[in-house]
Amino acid sequence: MNEILEVEPICRLETGIRGFEHVSMGGLVEGRNTLLVGTSGSGKTLFATELLYRAITVYGRQAVFVTFEEKPADIARNVQRLGWDLPVLVRDKKLIILDASLDRSVVEAGGYDLSGIISQITDAVKEIDAKLVVLDSLGALFYQFENPGILRREILRLTDHLQELGVTSVMTAERMEEYGSVTRHGIEEFVSDCVIILRHQLSDEKVRRTIQIYKLRGDRHYKDEFPFSIESKGFCILPLSAAQLELTQASTADR
Amino acid sequence: MNEILEVEPICRLETGIRGFEHVSMGGLVEGRNTLLVGTSGSGKTLFATELLYRAITVYGRQAVFVTFEEKPADIARNVQRLGWDLPVLVRDKKLIILDASLDRSVVEAGGYDLSGIISQITDAVKEIDAKLVVLDSLGALFYQFENPGILRREILRLTDHLQELGVTSVMTAERMEEYGSVTRHGIEEFVSDCVIILRHQLSDEKVRRTIQIYKLRGDRHYKDEFPFSIESKGFCILPLSAAQLELTQASTADR
Amino acid sequence: MNEILEVEPICRLETGIRGFEHVSMGGLVEGRNTLLVGTSGSGKTLFATELLYRAITVYGRQAVFVTFEEKPADIARNVQRLGWDLPVLVRDKKLIILDASLDRSVVEAGGYDLSGIISQITDAVKEIDAKLVVLDSLGALFYQFENPGILRREILRLTDHLQELGVTSVMTAERMEEYGSVTRHGIEEFVSDCVIILRHQLSDEKVRRTIQIYKLRGDRHYKDEFPFSIESKGFCILPLSAAQLELTQASTADR
Amino acid sequence: MNEILEVEPICRLETGIRGFEHVSMGGLVEGRNTLLVGTSGSGKTLFATELLYRAITVYGRQAVFVTFEEKPADIARNVQRLGWDLPVLVRDKKLIILDASLDRSVVEAGGYDLSGIISQITDAVKEIDAKLVVLDSLGALFYQFENPGILRREILRLTDHLQELGVTSVMTAERMEEYGSVTRHGIEEFVSDCVIILRHQLSDEKVRRTIQIYKLRGDRHYKDEFPFSIESKGFCILPLSAAQLELTQASTADR
Amino acid sequence: MNEILEVEPICRLETGIRGFEHVSMGGLVEGRNTLLVGTSGSGKTLFATELLYRAITVYGRQAVFVTFEEKPADIARNVQRLGWDLPVLVRDKKLIILDASLDRSVVEAGGYDLSGIISQITDAVKEIDAKLVVLDSLGALFYQFENPGILRREILRLTDHLQELGVTSVMTAERMEEYGSVTRHGIEEFVSDCVIILRHQLSDEKVRRTIQIYKLRGDRHYKDEFPFSIESKGFCILPLSAAQLELTQASTADR
Amino acid sequence: MNEILEVEPICRLETGIRGFEHVSMGGLVEGRNTLLVGTSGSGKTLFATELLYRAITVYGRQAVFVTFEEKPADIARNVQRLGWDLPVLVRDKKLIILDASLDRSVVEAGGYDLSGIISQITDAVKEIDAKLVVLDSLGALFYQFENPGILRREILRLTDHLQELGVTSVMTAERMEEYGSVTRHGIEEFVSDCVIILRHQLSDEKVRRTIQIYKLRGDRHYKDEFPFSIESKGFCILPLSAAQLELTQASTADR
């Protein structure tokens, strides 16, 4: 029981993403895992990549990007227009892009095991002394496990390992509808310490992008939806939503 | 048949949570189990922890926290910002945090059995003469049972044991949508004596937290939704909701 | 074919529950089974218990309460606040509370059989010459049967036996939503002679309790929803709902 | 191919139910089967019984009532209050009530066969030279067949036999919601020549009963919902619904 | 690759059904299959029969009607009131009504094969040199195939054969709701060249019949819903719907 | 890790379809795969064909059309009315129409393999030095794979191969409802680089066609729904939707 006597305070990691420190009231939670949930095209990969890019270029923290389906070259290519030069970061040993899709052949061979990918991540983190790890996307992984009980345990095992590594991590997860159940399986959101939802909602033939800090164990944060846009230099979260403006007084107590 | 001749009256246990005694008309039911239901991030773990914290610090009752997924250190860490110093309570033998996640390895081994965790709880309760037991969260446990009939019986067995131990207990349970079926399986709410629902409902891009005493066998209580906020010292349930205010006269009869 | 020549008229059994004789136009149907359907916490057990209590104390009819999950002592305890002293009725041989949960261990052993519980009920009815039997709740029972065809037949077997015993009976059944399909399986309501629905509907953060005589084979009754409250002495059904008031003339023909 | 040269015209059978000849534009289709669909308590059994009762007492046609779950005595008892004395009709050999529930024991024995009940019906029809056969309710029967393909074929076989017997027949079928898919399995309505839907819809705490001739192959009929009430002497369908009144001109072409 | 050099233009086959040439902008597509989709009672069989009747009597083209569930005599009988004398057409060798329901016994014998029915159709088409073939309804057929992949392939095989025969064909298919997924299995509509939807929608207790040319590969057509009625001589599609009237200008471009 | 140092910029391929360059802000993404999603009849095949036709006739790029269900002759025939003469393009070796439906017989033989079709595509692409490949439709293919994990991997394998071939490609995919989950299986949209949705939505009896660039990894694009019509020469996307007009200022930032 002695172990819990040494509890460290919740610390926040600034992200450098415009508006994010405001809506999250300080950034990501250091040393923990954050689940980034959204439908296809909602901006999960882009958001996770900007997290890495800012961590490296603004705050000087190395990072590892684990990609389960897209190829490393495609990840890099997709953010070129935003002026984020990932190849340079890779060359300078500030970023490692791990291609976990190589494991794809295991799919048919019954029992799947996360050990391989966990040890690869560990090596990469140590190689460049990374502080941030992104895993994109868990969707590909989930079909490997026959039942939700095992899936739930495996996610826990994975986040436990990341926590032991001492890194702050971000995982992306898929959902099929903009509202309702948070994730496709209704499992990941319960075992995660932090959950962020990205939406691109179509209403009246017009699309509106929003971000919501759905859950953040251990600290205060805004809980409302905030509109955001993807501009020429990256994400831009509007710090005060319409809802926010109206409620400035009422909501100061509950965040 | 004689046994039922010795029926003891329903007693309430004050919780010290601001507003809760009012909406529940007296607090938790002593010696019984209360189910705390909510979506991820609705505040289940925090509410259960404040129950423990106030029980110990305000009323001098020892308590046991059984965690099925989060680690004890994380539980403690998540409430530091609220000024609840769990490590000190553990050191002073007022609180035991039982890590039931250690049993996780059993998952794959077919037949699951609650006996292990039940005897651990019994030992902990006796060790510090605990009056309150929190189990957070049953979600992890439920995948162990193949069919709903067995799940239903196991929950009953567990609550029977807790009742025999003479403790007041609180279990948390997961749901995936804010309205509709109370729990994920539609089972736990039927076998529980008391059900409290926590919600964080998004409407018009704004989130509203509410608490509802959904069911409380054996006594009166308010049944409406009451807004609450998580403030710097913990939960604060507004004693009179808008709905309440309008209906003060009409609802005096039915609670 | 001769048997049907001796058809007895439908008789009603007064219940003594405030407002119920009015909305049901006379009370329960004597010698038949009534299904009491509701979500958790809707008041099924309490309503069934008041039926027993009034039958014994107001009309001098003995009764049997068969409980499938709650313990007899808890049943008694839950109604103490309402001033219904069940232990005294048990002592005076006016009430038997049968604990059918003892059979719980059979769950895992494949083929389930209602014969045991049927013979226990028969003995209890004969022992005190009971006129009313309550079974609460069928929910626990239903997981025993693999397919809906067998479930349907078993419910029929059970109600046939109760009818042969000559008693009036009430069974409670679970539903998960306030509207839509009457019961969880969409089976029980079709094989029952009478169906009463209890609701506690949340709308605009406020809860409203209502009762509806959904079906009553063989006789007239009101079919609308009537609001009710649980007051210090028990149920109180408001005899004229708002809907009722408006429609007094139009609905005199069709009930 | 010669057989189809002898096509007989569609004839209607008057029912004597108040308003039904009007909404159906002539009554049931002679020599064919009509499916009577409704939720529990919608009035299927009562409507089918009034069809029999009027056929015998008003038009002097003998009839057979095949009951799959309710006992003959209960069928008779349930209509006593309406003044329909079935025992007398049975005694006078104008009505046979066949108890098909006796076959219930076959349920568990895999392969189910309708041959037994078909030959019983044939005997009964011949014994009293019946013109009308009612089967209530198919619900009990449907669990016997493993897959919808077999179920579909069996219903066809049954209605083929009834048609060969030369009788006009009515089958009742269950549905779980007032709107949406016509029957529980979405099968019976496609193979039936005529479909009538009975509804008791709850809206704003008030119940409204309606009847709709959903489908009637081979002839004209009204297709709208008509309100009806169950009065002291039986069904009373209001000949002009509100919708009807407004649309008198527009709908004269399409019925 | 040479084969595709001989592409014949899309030709239309006039139907003679009042209003249909207008809404379809020319009639059925010659030599192709059209899927006629609707709930039970929506008018599929009647529409398909009028197609045959007009083809024979107005345009002098022979036709084959393949019925999978209804008996040939019933098909003929159901249109007598509309003045369509099918027996005379059969006698004059202008129409063959094929009873495919005879194959019903094969249901239980695992592997089902369309070859039998295909060769029967081929013979009938050749016997009277038919130009139009109607298959009513595929619903009965679909339960024969275990998985949707095989079902999809079999429908393709059937329509390929019909196309090779050089006939224009119409198949009816079932749906359970008036809106949403086009067919019950969500398969047939994707493999068909043309899809027509018939609806009889209940709203506000009143039924409205409409027809929609949902899809017509290779040519222009109106895509809106048009109201129709079944009058004393057959279908009558109103050439300009309310929606149409308002949009005359806007929709001239897109049809 | 060196490989990612050679990242090429995202290039756009003009399509020549009226309005498409505007809404997509430049056309298709060169060298990548675009998923074209829509219900039956939404215009997927026509849109994909116009892409090919314009590529060949306007920009002088050869193309391959892989058809999984419709016959090559039917594809050509369906666009004749639009003045697109595919046979001439085939004769001139600018277009190859591959009939992948020949593989249909493999369906029943368990394990399915995309290798055959992949090598056929490779040969065709090399034969005419094609730059654009269309695959229509994946729907037929998907029933071959038993579980979604394998399906997901096979789609990735297929698009990987197309990317390695250096061609720009377009695949069509089916959906059953106009809104909600993007594709039938909720899989393809997550693994695709670009997703375009075609809709033909019925509201108030009138149909409205719209196109939406749902997702386009790596570059800017409009995300709203734009109305389009199929005119005598092909697609015509209105460059400014009503929604667009209203929002011209607000949306300049986020595209």
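Which chain is which? They are A, B, C, D, E and F, in the order written, and residues in each are numbered from 1.
Just so we're on the same page, contacts are C-beta pairs under 8 Å (C-beta built on N, C-alpha and C of every residue); 3 or more make two chains touch, one makes a residue touch a chain.
This structure is a prediction, so every number in the text was calculated from the model and none was measured.
Visitor: Do chain D and chain E, two copies of one chain sequence, contact each other through the same residue numbers, with over half in common, or through different ones?
Guide: Mostly different residues.
Visitor: Just curious, how far off is chain E from chain C if you go by their C-alpha centres, in Å?
Guide: Chain centroid spacing, chain C to chain E, equals 52 Å.
Visitor: CA centre of chain B versus CA centre of chain C: separation in Å?
Guide: It comes to 30 Å between the two C-alpha centres.
Visitor: Can you check how far apart chain B and chain E are, centre to centre, with Cα atoms defining each centre and the answer in Å?
Guide: Spacing between the chain centres: roughly 60 Å.
Visitor: Touching two or more other chains, which residues of chain F qualify?
Guide: Within chain F, no residue touches at least two other chains.
Visitor: Edges wherever two chains touch, nodes for the chains themselves; is that graph a line, a ring, a star, complete, or other here?
Guide: Here the contact pattern is a ring, one closed loop where every chain has two partners.
Visitor: Enumerate the contact residues on chain E facing chain D in the complex.
Guide: 39-41, 45, 69, 72-81, 86-87, 90-91, 96-97, 101, 104, 107-108, 137, 139-140, 143-144, 174, 176-177, 184, 200, 202, 204-207, 209, 228-231, 236
Visitor: For a test of understanding, state which residues of chain E touch chain F in their complex under the given definition.
Guide: Listed in rising order, the residues are 1, 3-10, 147-150, 152-153, 156, 179-182, 186, 189-193, 195, 210, 212, 214-220, 223-225, 241-244, 247, 251, 253-255.
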